[in-house]
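Pasting the structures here.
Below, chain A partners chain B and then partners chain C, in two separate complexes.
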Partner chain A sequence: MTRPSAVTALRSDSARPRKRPRRSGVLTALPWVTPTLLLIAGVVIYPTILMFWTAFRKYNSYGIEQGSAGLNNFIGPAGAFTFPTVPWASVWTNTVVWVVVVVLLTLLLSLGLAQFLNKDFPGRKALRLIIILPWASSVVMTTTVFNYGLQTDVGLFNRLLVDTGILQTAYGFTKDPTSAFWVAVFVAIYVSLPFTTYTILAGLQSVPRDVLEAAHVDGAGAAQRYWQIVLPLLRPAIAAATLINIINVFNSLPILKILNETPGFNTGHTTTTLIFAYKSTLGPGVASALSIFNFFFCLVIIAVYLGIVKPTKEVQ
Partner chain B sequence: MAKLTKALALAAASVFVLTACSTGTGGTASSAAAAGQLPATTIKILAPSYGDSSQADWQKIIDEFKKKEPNVTVELQIEAWDNFTDKVKARIQAKDYPDILNDNAFASEATAGLLYPINEVMSDSTLASIEPALLKNGLGTDGKQWAAPDIASARLMASNTDLLKKAGVTAPPKTWADLETAAAKVAATGVSGYGMPLGSEEAQVEASLWLWGAGGDWPQGDKLVANQPASVEAFTEMKKLIDAKSTQPDPGATNRQAVADLFDNGKLGMYVTHSGLMSVTRQKFPNIHYELSQIPSKDGTPVAFGVTDFILAFNNNDANRKQATKEFLDLFYSDPMYEGWYKGTGLLPVTTSMIAAGKASDTDNAAFYDALSYVKFLPVSNPQWDALKNALQGTAGTIAKDTPENVLSKIQAQVDAQG
Partner chain C sequence: MAIKGGIDARPNPVGTIIGAAAIALFFSFPYLLMFLSSLKTREEITRIPPDYFPVTPQFSNYLTVWSSSVAPGSSLLATIVISLGATLLVLLIATPAAYYVARFRFPGRMVFLFLVLITQMLQPTVLAVGLYQQFSGWRGYLVWVALILINGAFNLSFAVWIMQSFFASIPKEIDEAALIDGLGRLQTMFRVSLPLVWPGIVTAIVFVFVNTWNEFAAAFILVQDNALQPLTVSMPRFLGMYIRDWQYLFTVAVVAIVPVIILFSLIEKRLIGGLTAGAVK
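Now for the complex of A and B:
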């Protein structure tokens, strides 16, 4: 064992024969898992408790606490789900479209890209490096570059589109909530591609060549080989990439927030950006109330996903 | 294993170093106070950045203060105007109240009982040195003086004289009808006619200007009312300009700075501006020739917009800090200190002596000084103002795609929901 870690310590512990008293096993593991447990308590459990507490307290918009709120933060006159003029129909649709479209398109594009990068061709190393770039730079930075490029007066992308005749006049892509939303979808796919591609590429490299050659000899066509050998073997990689992408994309704030320049409760919100709009106008209580919903929504997605795909089984 | 121990030791060591750093600043409490000087304490200032020199302008006053009160530590935090309110909220939520806050609103903090009435932390003579008409603006609805203005600004309309001449407009418009024609003519030459910033930054200002131009105002009794005949009239007129494509594109997502940038680059005929923005135009864009005039209204009555920013003093339940705050503020408003500070902001002063001096010498801003006599102010002391401001910032821009009546009833609904 070259690198002792909490995980390996736990594994060897559970592999011990049952006869040994359990308590001493837990005690041996304790020093190894304590840092992790402390971390989880500090950055996961404490904020969650605080979120629930905050959701039932009354705050003014400056975040000054003013006593108990009961259910007012959820369904009061200025509650998260009952505040007037919030376009709920588009918020729900956007949230679902955002997650499904970004995750699915990223996955499909990554499958193609990974297949391509798995081939031997001159310059493959350089190309692989270039594809990492959007992953290596910060999401806020990448998004800001897109935002500047798409500005009506000074944006280079707009200039390019006009000069090439694709657009008649410059268009304010980020000034309208709907078009801003679709630009955000594009950027989200762009920044999710590297991780997904590399996960799948790693999966592809573990597909044994001899199996593929054997199938080839037996007369299986390229499509048959892909569908019946490569794809099933990629299942763990795809499963892991999808799960991580769903959570990442659902919780992603910066892309939508930076690209949607229209203020207020417009038709470009997802539930995640709405939390932040509430935070600045109605205070932390109402924002937390909606966060709780987001929290459960995320849990349900993961549960459904785990139930259907059973990724943990495959990964092990 | 050895590696891990090493890493742990390193981590532990760095924690010690960090804590040592953070205690370093507060650990100078021991020196005994000399006669007549304040005991050792720390006061904190949170202020927005009005320009590149803001940090240095505050520091000059702090240095002078340190000469008089060497035992008092002054912590200064300067933040950009963008999201300044969020910074204030963060300090309040962390219960780390600044002793002195420079902001553009005070009602929320006053209502929550976090502030000293400002006359408790300023001497009577300092209060008396502030122009009474401006001082009134810091009066709460409960009649207490919760804040003192520290800077004023008047807004007027700037017109690019070259662009107007090219479009065949001889004088800046004074009525809405004139503005419609002038903006349309300028827009026909290929640039934007009138800059209308209805984005998240200043929709409340633009909307108020048009409401005043229609002869109305937000307060009706002690309530703020968005949905009233005068505001419908105002929003209808704004929509007319947008529909005629006489404004810059996408007014609902444009902030005042973006409009100013268009003007400075000769791509905009007219917009409502303040002295700070115009000093940038004068210094960095000398090719832009402009003229300042009253903001157009329905019948031609002059409209001008007044803003004062405020000094607020938070109650930290500490007599020493309160005393130090008082001495600092008295020094801040003294002529030699205040003159340098207000000039750094590019805006107008609030003390009677400085206003008189400015009127006499500052020819660039003469029009703004004159406008101070007829400016109107936003109802910032009304506790409902925050709700109305947020609703205007988030919703006023939708008139480009919706009817004025719908937009205003949405704004009204948001204000009503927050009580």
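Now for the complex of A and C:
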């Protein structure tokens, strides 16, 4: 299901089954893969090493390096995890809530959406195109609309909420860190839905019809067919979408940044947004120390992804 | 036992239509609001309480915005240059790698593919401070080069991955015939294989271009000079500064999303095919 439809089409055209790739030596391979390796080494691996190094160095307020810092950037008096004005209990809670709520609700809504889009009805193609909008559009632009719409005075969403009687008076959603956080959760779900829905839709299309028809003939109702046939077959698609979403949502910066207008540390930060707040206030050393936590979290998710989804299976 | 309908039975066509309309509205309302707001006058958009629709749509906003206080021209240029640069870089580098990985087994091939996958799942956000330490000295237009390299590197993997799956789908015999006819490996790739895998290349191009166009974190941390910022970075700045010129913010937003929406809709079929391996946004 991870292969684009065109590939399958091309393959069925070829009369003979695909053979395993031929062997070649490392030396003949080098000219072809070296540019890729160089770019990855220079712009992914090198900054990673630099970040680890930075985390253990001391920097003055101009960002000039001033020798070793030991573990001070992590747990010193001005360390990433111990800085006095940073409410770590709430940062951890926010981070967990942010990732878990956004990823879970996105998945549940996408399961329903994909089921709906998998039906054949007039206008289905147009509807699929419309659903792409939040995926293609820059998250910054989408979030900006929500920021404007939720302004107390000029915001149209606020006016709509008042006009429909949901709110008594316009509310400054983006001025209060708590409501800003939940608006951000909504926007994060909103922009994650298209990718997740498309992935599950691809999974749904790989469910064999004859199996469903056989179950139907045997008297299995729609709900039973869904729980016992469709959902188990969707497991790979769900696993892939969920793990990719965890990484994306965990690393999401612009939504929380644009929607929360209150400055400071005590304002609904996740570990990701805190990195950028640290970078501009406490300097690169402390920001790197926190980044290392984020880096290892991402590595764990990537390892789970490689282990469960096994994307390399098809290139053996 | 009586079996009614089939597995496709839909008892309620009205419900389907209402559902489809609701979904369409849900996924388009911020963009409708964006578009409508971009057509308002300054008086209309700052009225309290606001009106839903502009009285006379000000399409002229799309002309006047360039010389307004928002002046998004330089940002649009930055976004275009960085996106084109990164796409070109990825094409040049990823195509031979994808071709070779699809055609040959060599020692370290799986290691290479794992490296590519790990890179693909990592994001500039998590390495932002390291990238800052590496590139903060790149001043002036060099910062665009830095962003081209960064976006290129982080999107390279997806391109390698998607293109190698397309290359692998072409029967090797076609290549071998070309080799026997006296073409070199490189020529075979360019003249025989590439024309056959163009859907994969288009998909890769669109994905790299759109991802770079929308990238925020690396550009945000690297580009200090307002005049060199891409749209994603200057937009939040406009938001803080020009709060009275909301209509221009929305013209900028529309300009910023229309090209990528068009590009993305071109590869919609391939999205359904499933791009889980690389759909990192």
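We adopt the following convention: the second predicted complex is superposed on the first by the 259 of 316 C-alpha atoms of A that agree within 3 Å, B and C clash if a C-alpha of one lies under 4 Å from a C-alpha of the other, contacts with A are read in each partner's own complex, and residues count from 1 in each chain.
Basically, a residue touches a chain if its C-beta (ideal position, glycine included) is under 8 Å from a C-beta of that chain, and two chains touch if they have at least 3 such contacts.
Since this is a predicted model, take the numbers as computed values, not measurements.
Visitor: Can A:I132 be said to touch chain B (first), chain C (second), both, or neither?
Guide: second
Visitor: Quick check on the superposed pair: does A:K175 touch chain B, chain C, both, or neither? Answer first, second, both or neither.
Guide: In the superposed model, A:K175 contacts chain B only, not chain C.
Visitor: Of the two partner chains, chain B (first) and chain C (second), which one does A:L231 touch, if any: first, second, both, or neither?
Guide: A:L231 sits against neither chain B nor chain C.
Visitor: Does the superposition put A:I258 against chain B (first), chain C (second), both, or neither?
Guide: In the superposition, A:I258 touches chain C alone.
Visitor: Per the contact definition in the header, classify A:L167: touching chain B only (first), chain C only (second), both, or neither.
Guide: After superposing on A, A:L167 lies clear of both chain B and chain C.
Visitor: Under the stated touch criterion, which partner chain does A:D153 make contact with: chain B (first), chain C (second), both, or neither?
Guide: It touches chain B and chain C both.
Visitor: Kindly classify A:L104 by the partners it touches after superposition: chain B alone (first), chain C alone (second), both, or neither?
Guide: Once the two structures are laid over each other on A, A:L104 reaches no partner at all.
Visitor: More chain A residues touched by chain B or by chain C?
Guide: If we count touched residues of chain A for both partners, the winner is C.
Visitor: So in the superposed three-chain picture, is A:F116 touching just chain B, just chain C, both, or none of them (first/second/both/neither)?
Guide: A:F116: touches chain C, not chain B.
Visitor: For A:P284, decide between first (touching chain B), second (touching chain C), both and neither.
Guide: So A:P284 meets both chain B and chain C here.
Visitor: Intersection of chain A residues contacting chain B with those contacting chain C?
Guide: 4, 63, 153, 284
Visitor: Would you pull the chain C residues touching chain A in the complex into a rising list?
Guide: 1, 3, 6-8, 10, 13, 16-17, 19-20, 23-24, 27-28, 30-31, 33-34, 37, 45-50, 52, 89, 92-94, 96-97, 99-110, 112-119, 121-123, 125-134, 136, 149-150, 152-154, 156-157, 160-162, 164-166, 168-173, 196, 199-200, 203, 210, 213-214, 216-217, 220-221, 231-232, 235-236, 239, 246, 249-250, 253, 256-257, 260-261, 263-265, 268-277, 279-281
Visitor: Enumerate the contact residues on chain A facing chain B in the complex.
Guide: Against chain B, the touching part of chain A is residues 4, 60-64, 66, 77-78, 83-85, 152-153, 172, 174-176, 261-266, 277, 280-282, 284.
Visitor: Quick check: in the complex, which residue numbers of chain A touch chain C?
Guide: Those in contact with chain C are residues 1-7, 10-11, 14, 16, 18-26, 28-29, 31-33, 35-37, 39-40, 42-44, 46-51, 54, 63, 113, 116, 119-121, 123-124, 126-142, 144-149, 153-156, 159, 162, 170, 190-191, 193-195, 198-199, 201-203, 205, 209, 212-213, 216-217, 219, 225, 237, 240-241, 244, 247-248, 251-254, 257-258, 272, 275-276, 279, 284, 287-288, 291, 294-295, 298, 301-302, 305-306, 309, 311-312, 314-315.
Visitor: Give the list of chain B residues in touch with chain A in this complex.
Guide: Residue list for chain B touching chain A: 1, 4, 85-86, 88-89, 92-93, 108-109, 111-112, 114, 199-200, 203, 249-250, 252-254, 262, 267, 386-387, 390, 393-395, 397-398, 410, 413-414, 416-419.
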